[in-house]
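Chain nomenclature is as follows: A, B, C and D, assigned in order of appearance, with residue numbering initiated at 1 for each chain independently.
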């Protein structure tokens, strides 16, 4: 077999970046023509290629045990199991988004900009998964953020979209400042930015206070990206106002990318052994996890607007995933615990994207956004509603899909870490989430329609995206094993 | 023993009749009556065969038929099984039950078929099941099986008392009958379970039976104490005699319920709502008899406990008197009979408690004959009177219904205990046995008290019985219906005739009062019961009573004659009183003169009211309070948690003000808090 | 004699707080953006100072990245502020509150 | 053998076939298809060759083990099999499902194909619960029950169906989560000695004393905590007072066939799980806590019966009496005597049949009268003689009439718990619990007298006539089963005893 050059390890990200360029080229050659079709196909092809390469690497064992991680560009970038795992995750979500956007944007101008921004953000996210230095982390995070701001506000004549974009942007700007300042403090304490070097320097820093402050500020930057308390305020508004495919993109892929960076930075750059005297970040994340899941779920419980409910639930899920670091106590089976968050993020990528795409579908139909508007929808669109039911029950942790296993994997992780508080909080919130998710199900299946609703057309792209998401969600129940094993293996390589 | 192979058929035949009548009754001749007659007739023949076989000297027969729960190997658990046990006692009882049942079936042709009732297949199915249950109860070879069929008897009483379910009264009475007896059976079941726990078996027969084991476990017994019993006594921490008394009293609960003893007798008068033949069956041979029979069946167990015996005697004596007083004032024919039944079963209990095992069985036998007779006679009158039961609307029926009158009179004389009718001999025996044991035993006061009750009740019995006879048959007809009653057919008269003869002569089997004259060996029933199975015969019981209960019979100077004369005299006083009061052509309602006493008696001492009060004013409110508590507090907490969650959800939403500057402020605040906490914890400054 | 690193830290902290104060008090979108720039520059002070302190160029290079980022951020920001103005007729960041609770 | 897989697979395929079938044929099709798992389970019963307890090294029948996946050092397997405890419950499930499907023909007249499909899905999950021996697999089925049940109550239920459905869903889900924490405390407490989530392996590990400390919590405390968590979790499902309030709501709102399965099988999941987990894995803790547990059982019996006494809705009466009956199961289980635990298991079967029968009978009367309220109707026996006849027989079965399965079960429980040396004051507690048989007679007789007997009166604008044969036939079948098991309990009780026996000793 031909031994590829080492730099090709980063090929999935490069392919995404090339797709962006290609899209821009096509658009500049033919700026006026209505070429949504072509653009969407190109984006899908580019992303699928990227996923295919990622999958190949994953199977081929690139950068995974027993071989060492592939380090590139003066150790600024790493390709290992975890990065490939998240690249695949991001890519999968992007495919769904692009498929759905094809219908969603049918009469939308600036489609080329839209697709290229999506791909650009995706590039940033996959780069986040590969970051191995605080510098790369910062740059890739911003690379993911900046296009997102524009995407959220991309419905220029929709006040909701603009307002969402504004809030997202302002909080994003503030958070990136906090993040940058945090990095600068970490740098001040150790004089280096590479994860391994930071870890090495942290152990015997002369400025533990500065280091601790820096760590907290860095955590703040990630909290923003993952929509965790107290940096979550933008999320409900942004997810509600943004075009639904973008909401799906942000709440699934962007969140996942934020988490992979968080995992890697805290496990590799700030290992507990090195920062033991400075800060017990496991405790910090325990507090954040509990508060995040509680805030998200409780606020979601009484929403009238389905999309906003999903937005808050997305905050709640961020809290769940935080368990992966919050239960990372010294007694715990660390790869097991960390793997739980990764596995949940993957499943979440499909089921949450699916749920938001269903909202996109209802927006396409002009159904309205409140629970009452969904009444009796199942009679008109049984398949879409069945898919939505799968997503919702899977999100709630019933055995309709992979969400069941991943949620219980998280619960196992909290027990494994010996943090009963997390387990209890997860139980309480999970119960509450079952309540509000089932409100949607109830509206769709149990209530009678008020009779005014006429559904016009069944958009192929949206349906295809929803169907794929549903199939993946269901398949991840029996096929949870490989996912969990992969997550575990990837996690074990870095802990 | 080939003959005993047919024993199960005694019960199975009526069961088959039940199934036939239930599923095919519509297509059968007489709606299933013929099948029932054939089945009970077959049972009677087989029972008689058993009786004769044993009389000819065959040993009692015990056989396990079917084990429905086999204790697993290697586990200290027990088998639950059905079996038959045919000995002198059960063979006699089988004959009684199947005979009465046969006659009731025949009588029903007149009472039900001829009257054009609907739902007859259901009726005959019920009779068949009733007979089956009772027969199976009688030949049970273990206490659990007894309990099971005891309960089935209760079910059948429910079905038959409530036969006319479209009316409110019968269905209510049926409910009451089942419920009150169920209350007694509750204690019985605890008793059964306790027997299981104590002995690991509920068998009646043999060295491994619980009765024999109990005897061995008593202090003073020569045999070794069975290990299982001593282990258990260690667990409960009671001595053998204490624990056996407790168990005996628990089982007695079922007896008091089924045999309608005070205070669980209230269901029985209501049960008169059922068809009259059913009343005859219930009172004479099946349900009510079951209780007394059960005590007789396990008499060896009761004989170990003087306390239990004393209570049985006292309850029995008291009930005999208590029920007799109420019978004095009733106006409906069947009501009088109902209270007389309660009273007569009181006598049987008195006998059992007083050490008169034979006397009790004797009275059970004679009572079966004359009470069935009286009920069927009453049924005949009721047919004639177009279902009017009020005695004050009758009068002068003796000329228009001679056969009914003659037989009814025989039954009444037997009930009143007039020489030489059957009831005289048996009732006298009951009182005599109680008296001698009361006089001869240490601590016999309870027995003497019971005796006094019983003696007093004799007067009342004669009084109400002949009040009934005079009001119904003598004097002038007081209504048009009584002037011209509806005639009854052979199917009514035949059973009356058979029973009339029996009520007159059946006393001959045990002429106890004159035993000095005819010789002890000619007391047939006495001889019969004293030669039962090993450990389950009258002779052994006498030893047990002597050894463990301290019962000794006193020698009276005049032998049994003097007490017999006393009770006969009292009975004649009652008859005479009745003649004085009601013997005229147009008798006055003398009982009205009793005033408030009568009101109390008419209302059954307000015991029904008390039980209704218990149900409606105690249990129902408690249930409602529980329901309110459940809905309000228990479920309230559940709903409250959900409301609180949703309310706090609303609070959480308030944080999200929509103003981006606030977000920035809260974000800063949150971060600052984190920094402060960890700075202090980490000692950064 | 080199200046003690603590003083750089104090300076940067001061600048950061000034920026933060601006963020919290200014409702004009452009002022908000400028305040964020101030906060980013606080980070830059640290990077440059400690790059000097540790004797490597990592921090200095990084501060270039931050500046580049700040420029890009402003570009996107101005775009959004433009559509904000078009939709709401104002650039007051506390104005749009259609989505809340 | 792949019989269990076949059962699950066929039923699953049937469910989807029915969902996509036209509404007109859905009922008949579903009933016909449900005969396959029924026949399969009867075949399994006839050829049952297992012995011993599934968790304690017994010989399992129809066992398969396939590794599903491995995570964090724990293998998750497809591990199914049956022993003497699970096989009767499996048979109960298939029988009741088929009969419930038949009894749906009359009352269900909307979205039939979805209804019948969901009923079959429910059957899949229930079969899974009683056969799965790997914890995660079992848990998938355990939670899987909730989804069809939610829809079945929520779509086809009564006026307050939405409230009842969500209450059922959330309440039982919370319980599952709590139970889950308890179990995993044990799993992680076992540490490296455990390499899979196999329930027998966990049970044997815990019983074998291999439990270590977890996060500084000592094994004894860990066991106690796990026991309490699991007990609370399963107590909701049983349900045990005071976790019972979802049940009456669910029953009253659910359509008849759903009530049948709910009372008949779903409640048994709770006691089955209690038996498997609390009383097998943590038998020593259960013995230590025997007094409070028995007291809870007795409380359920008496309190449930008192509540039943206060109800006017026939379905509510039966629903509360189910709480009462399940109290006997708890009492029997904690006795740790052969007849106590065996009788409790037998009571699960018996109560499944009898309560199913009662609910069905109430349903048939409701189909005709359109009311279930005591006081709104009387004398129904006049118009529906056979239905009422079976109703009466069923009610007596519920009261524990001898020769019906309820008596056999209850008397075994009483014998077992009375002589228990594990429960302090066993005699007194048992005697208290037995008073339930009086109260149950009280309210059932009262309700029957008011509704079935007396003169006929019912406000309807149509003629109330006899119920169709396909309504009465399932009742008759169930009655025959109840009597058969009452006369011959050993049909199931023998294998139950065999499977329960190993639980009584110590050790693994």
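Throughout what follows, a contact is a pair of C-beta atoms (placed from the backbone, for glycine too) under 8 Å apart; a residue touches a chain by one contact, two chains touch by 3 or more.
All values derive from a computational prediction rather than experimental measurement.
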Check your understanding: Counting C-beta pairs in contact, which comes out ahead: A-B or B-D?
Key -> B-D
Review point. Going by C-alpha centres, which chain is most central here?
Key: D
Check your understanding: Of all the other chains, whose mean CA position lies farthest from chain A?
Key -> B
Review point. Just how far, in Å, is the C-alpha centre of chain D from the one of chain B?
Key: 37
Check your understanding: Cα centroid separation between chain A and chain B, in whole Å?
Key -> 77
Practice item. Averaged over CA atoms, how far is the centre of chain B from the centre of chain C? Could you give it in whole Å? Key: 96
**Study point:** Between chain C and chain A, distance of the C-alpha-averaged centres to the nearest whole Å
**Key:** 26
Point to revise | Touching two or more other chains - residue numbers and ranges from chain C | key: 23, 93, 97-100
**Study point:** Numbers and ranges of chain D residues touching at least 2 other chains
**Key:** 170
Revision key, fill the gap. Multi-chain contacts in chain A, i.e. residues touching at least two other chains, fall at 166-167, 170, 174, 178, 236-237, 435
Review point. What are all the chain pairs that meet the touch criterion?
Key: A-B, A-C, A-D, B-C, B-D
Review point. What does chain D use to touch chain A in their complex?
Key: 68-73, 76, 136, 139-141, 143-144, 146-147, 150-151, 154-155, 161-162, 165-166, 169-170, 173-174, 177-178, 180-181, 184-185, 187-188, 214-217
Revision key, fill the gap. Within their complex, chain A touches chain D through residues 329, 331, 333, 335-336, 339, 393, 397-400, 404-405, 408-409, 411-412, 415-420, 423-424, 426-428, 430-431, 434-435, 438, 441-442, 445-446, 477-478, 480-482, 484-485, 488
Check your understanding: Residues of chain A touching chain C in their complex?
Key -> 135, 138-139, 142, 146, 149-150, 153, 156-157, 159-160, 162-167, 169-170, 173-174, 176-178, 180-181, 183-185, 187-188, 191-193, 207, 210, 236-237, 240-241, 308
Revision key, fill the gap. Touching chain C in the complex, chain B uses residues 653-654, 656-661, 664-665, 668
**Study point:** Of chain D, residues touching chain B in the complex
**Key:** 167, 170-171, 241-242, 244-246, 303, 306-307, 309-311, 337-339, 379, 381-382, 396, 399, 401-403, 407-408, 411-412, 414-415, 418-419, 421, 427, 430-431, 434-435, 437-438, 441-442, 445-446, 448-449, 452-456, 487-490, 493-494, 497-498, 501, 504
